[in-house]
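For reference, chains read A, B and C in written order, and residue numbers begin at 1 within each chain.
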Amino acid sequence: MTPQPATTPPELKAQARELNFHYGAFHALKNISLPVYNEKITALIGPSGCGKSTFLRCFNRMHDLYPDNRYGGEIRLFPDDVNLLSPDVDPIEVRMRVSMVFQKPNPFPKSIFENAAYGLRVRGINKKAELEEKVETALVNAALWNEVKDRLQEPAFNLSGGQQQRLCIARALAIDPELVLFDEPTSALDPIATASIEELMLELKEKVSILIVTHNMQQAARVSNNTAFLFEGDLIEYGLTKELFVKPHNKQTEDYITGRFG
Amino acid sequence: MKLPETQNIIRRQRLYEQLFIILGIVALLVALMTLLALFTRLAIDGMPRLTPDFFTNFPSRFAERAGILSAWVGSFLVMFVTACAAIPLGVSAGIYLEEYAPKNRWTAIIEINVMNLAGIPSIVYGLLALGLFVQILGFGQSILSAGLTLALLILPIIIVSTREALRGIPGGIREAAYALGATRWQVVSDHLLPYSSGGVLTGVIIGLSRAIGETAPIITIGALTFIAFLPSSPFIAEFPFISFKWVLDPFTVMPIQMFNWTSRPEEAFQFNAAAAGVVLLAMTLLMNGIAIWLRYRIRKSIKW
Amino acid sequence: MKSSHPRARKRRIKEGLIETGLLAAACSSVAITFAILYILVKESLNFFAEVPLFDFLTDTQWTPLFDDAHFGIITLISGTVTTTLVALSVAVPLGLTIAIYISEFASPRLRETIKPILEILGAVPTVVFGYFALIVVTPLLQKIYPDLPGFNMLSAGLVMGIMIVPYISSVSEDAMRAVPMHLREGAFAMGATRLRTALTVVVPAAFSGLAAALTLGCSRAVGETMVVAVAAGMQPNLTMNPLQPAATISSFIVQVSLGDLPHDSIGYKTIFAAGLTLLLITLVFNVIGFWLRQKFREEY
């Protein structure tokens, strides 16, 4: 075996530090510290109600939309090392850098084109040529361009569920986000659409950093580089996906991934 | 964060948002202040006239001697007829449409029709009543005609609220009752109606409060506006002690009395109008208040 | 399986009778519609036997009770349209702004306080609003335009507008609240503000409901009677100038009904022809509303 050149350690994109989160009196996340690496997929797994979606939604401050939510700790976003949770940081600015794909495809009641262009328009981009170019790139990246290029003005609701979800991915990609959050993106889709979204995520890994919540352990094993297992608001175990699924250190992790509960 | 151009955009967006919030509050204040101004003005003009005599006097040529006796008695009697006609009819229709009706074209036509009826101006109901009740059926310009007219007018309100109340009952309750061998009518009368009674009652009260303030359709049937006597008494000395002669008597009602005084040029009558307005408003607000409270209680107490 | 047991038969008969009774009640609403059409058309036919339809549509004067009788419905329509336009120019912006504010910005507590108050505003009897227009709003407007006549369409229209606000705001708000949260979150996650989300996502998604609210507001304004009858004066006046007094279709019907007209007089027949016209106008709004609801049906 020829010695491999020492691989440079992966670059950090974001880092949660001692993150705590309360819904009113309920302590939903307890002291979670977790790195998210650049151009890698980090998966969050765990049983329903373990806090994985809550954790994900801290990264774009979605919790700010509802009253009685409280954050503690920080999430630092690199390269500029800014704390996303700081009260001085505008949640809208956070959302312009960190975009999100939801559990259920949620295209807007607009044309396919306007859906993909939405984030650009929010950023004040209204020039036709620029919009067209960026929308095309995003739709190509979301592997949807060939299916929709001749009907960009049709309502997005006419698309199938899988296509709608890819449109939502295109919408999230069009703004060149630094980090994309996927909240169980395939749980409302059939197996064929799921396979195409998973394939897409593997391609996207080359371009953006991804944090994904999934209910489906096979999916985590197939697509992610790193996996974190959460249980009842605690981070139980975190590691390289291939190690965590092969020889978990923690008994609870093992029970969960072998299907003994969850 | 180092995104100066985005920060400008965000700042602008935030500014628009603040401006809209101000706009929203101003819009609300315009509506609420109008309501407040209406209440205050009515109270200021009308309160001094609200003496006990005002409630026990008949209308008069002399403003300071005029009262609303015939008007409030008329309003009560008309409401009684309206309730007797509209509640059974509206609730039955609601039950049929929600629990019995097959999903077919005829049902769809009835549903669209109910929606359409709700959008027909009240004065058109007045014309219907003039042609049908007054002329063809010969009820004349009576309490019966007025009561039935208002019943037709509020029928859609009662139908819709009955349906909504029934729809709120989970299907499991129906299945549980059927599983015990109940017939369809037993399911409706033993379970669905009692459980939905609060919602139905809310709709009925809202409907009646709408009816009590309606003026135009009653003017259309030709109700006289100067009535200085009461309808015949519903209670009589001889057997069977109850008489329905009053339903065919002429009458006046509160909103008509108010309209009548409003259209007088003398200022003294304006104060009478305001006083009648206070009483009328108190009646409608009381009914609406009860409905709002009832709805609030239902929402608090029932957790299916 | 049909049991022939006498008790079962009795039960079936009873159930059948009850169902028939309920069906009859449901059909009564259709009967009302037919009765309205029958009465209005029948009396209008009598009217058009005496007054040519052409005159009805083209004459520019409306003096049915004069010796020199003219029957130009356009005169009444002008009053109806003017008061309606004034009312909608108040009610639509106010109603929609309030609806967006309550649905997208207000805290739950504020919402729970405001909705009953708006409901009360919607429950005030129209004759009381008429009094308010005549006694409060007109003198107020006269401070701004001293030449404003005591009876005018502006004051009536403005008050009608406020009166219609609760109808528009409550139906619109219901439609917007029905838009699922995940659709809003999609926009928030893109960095949109609440206002932008409301205007670019929630309003289009709720469009069919908003259209229903607007058409409801229109037909209310067109059919509203008492405010106009009290505050706009009742003399027919072919004008679109809201500073003038004028009669509307509905206030004309009231005016005629206040007098005592013999059953077969032309005045009596006139109000049915006017009523039919009013019904047709509101019907047009209802059909437009129905069509918009079908076309833009929510399919989140």
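As a working rule, contacts are C-beta pairs under 8 Å (C-beta built on N, C-alpha and C of every residue); 3 or more make two chains touch, one makes a residue touch a chain.
Every value quoted in this text rests on a predicted model; they were computed, and no experiment measured them.
Chemist: Comparing centres built from CA atoms, which chain ends up most distant from chain B?
Modeler: In terms of C-alpha centroids, the chain at the greatest distance from chain B is A.
Chemist: Just the chain pair, please, that has the highest number of C-beta contacts.
Modeler: Top-ranked chain pair by contacting C-beta pairs: B-C.
Chemist: Mind having a look at which chain is the central one, using mean CA positions?
Modeler: Chain closest to the assembly's C-alpha mean: C.
Chemist: Measure off the straight-line distance from the CA centroid of chain A to the CA centroid of chain C, and report it in whole Å.
Modeler: Each chain reduced to its C-alpha mean, chain A and chain C end up 49 Å apart.
Chemist: Using mean C-alpha positions as chain centres, tell me how far chain B is from chain C in Å, no decimals.
Modeler: Going by mean C-alpha positions, chain B sits 16 Å from chain C.
Chemist: Distance between chain A and chain B based on Cα centroids, please, to the nearest Å.
Modeler: 53
Chemist: If a residue has to touch 2 or more other chains to count, which residues of chain A qualify?
Modeler: 92-93, 96, 122-123
Chemist: Would you please write down the residue numbers of chain C that are in contact with two or more other chains?
Modeler: 191, 193, 196
Chemist: Spell out, as numbers or ranges, the residues of chain B touching 2 or more other chains.
Modeler: Expected reply: 10, 13-14.
Chemist: Write out the stretch or stretches of chain A touching chain B in their complex.
Modeler: By the definition above, chain A touches chain B via 80, 82, 89-90, 92-93, 96-97, 122-124.
Chemist: Which of the residues in chain A end up touching chain C in this complex?
Modeler: Against chain C, chain A makes touches at 60, 62, 65, 67, 92-93, 95-96, 99-100, 102-104, 106-110, 118-119, 122-123, 157, 168, 171-172, 175.
Chemist: Mind pulling up the chain C residues that touch chain B in the complex?
Modeler: Listed in rising order, the residues are 11, 14-15, 18-19, 21-23, 25-30, 32-33, 35-36, 39-40, 42-43, 93-94, 97-98, 100-102, 105-106, 114, 116-121, 123-132, 134-136, 162, 165-166, 191, 193-196, 216, 219, 222-226, 229-230, 250, 253-254, 257-258, 260, 263, 271-272, 275, 278-279, 282-283, 285-286, 289-290.
Chemist: In the complex, go through chain B and note every residue touching chain A.
Modeler: Residues of chain B touching chain A: 1-3, 5-7, 9-10, 13-14.
Chemist: Inside the complex, what are the residues of chain C that reach chain A?
Modeler: So the residues of chain C touching chain A come out as 107, 180, 182-183, 185-193, 196, 200-201, 204-205, 207, 299-300.
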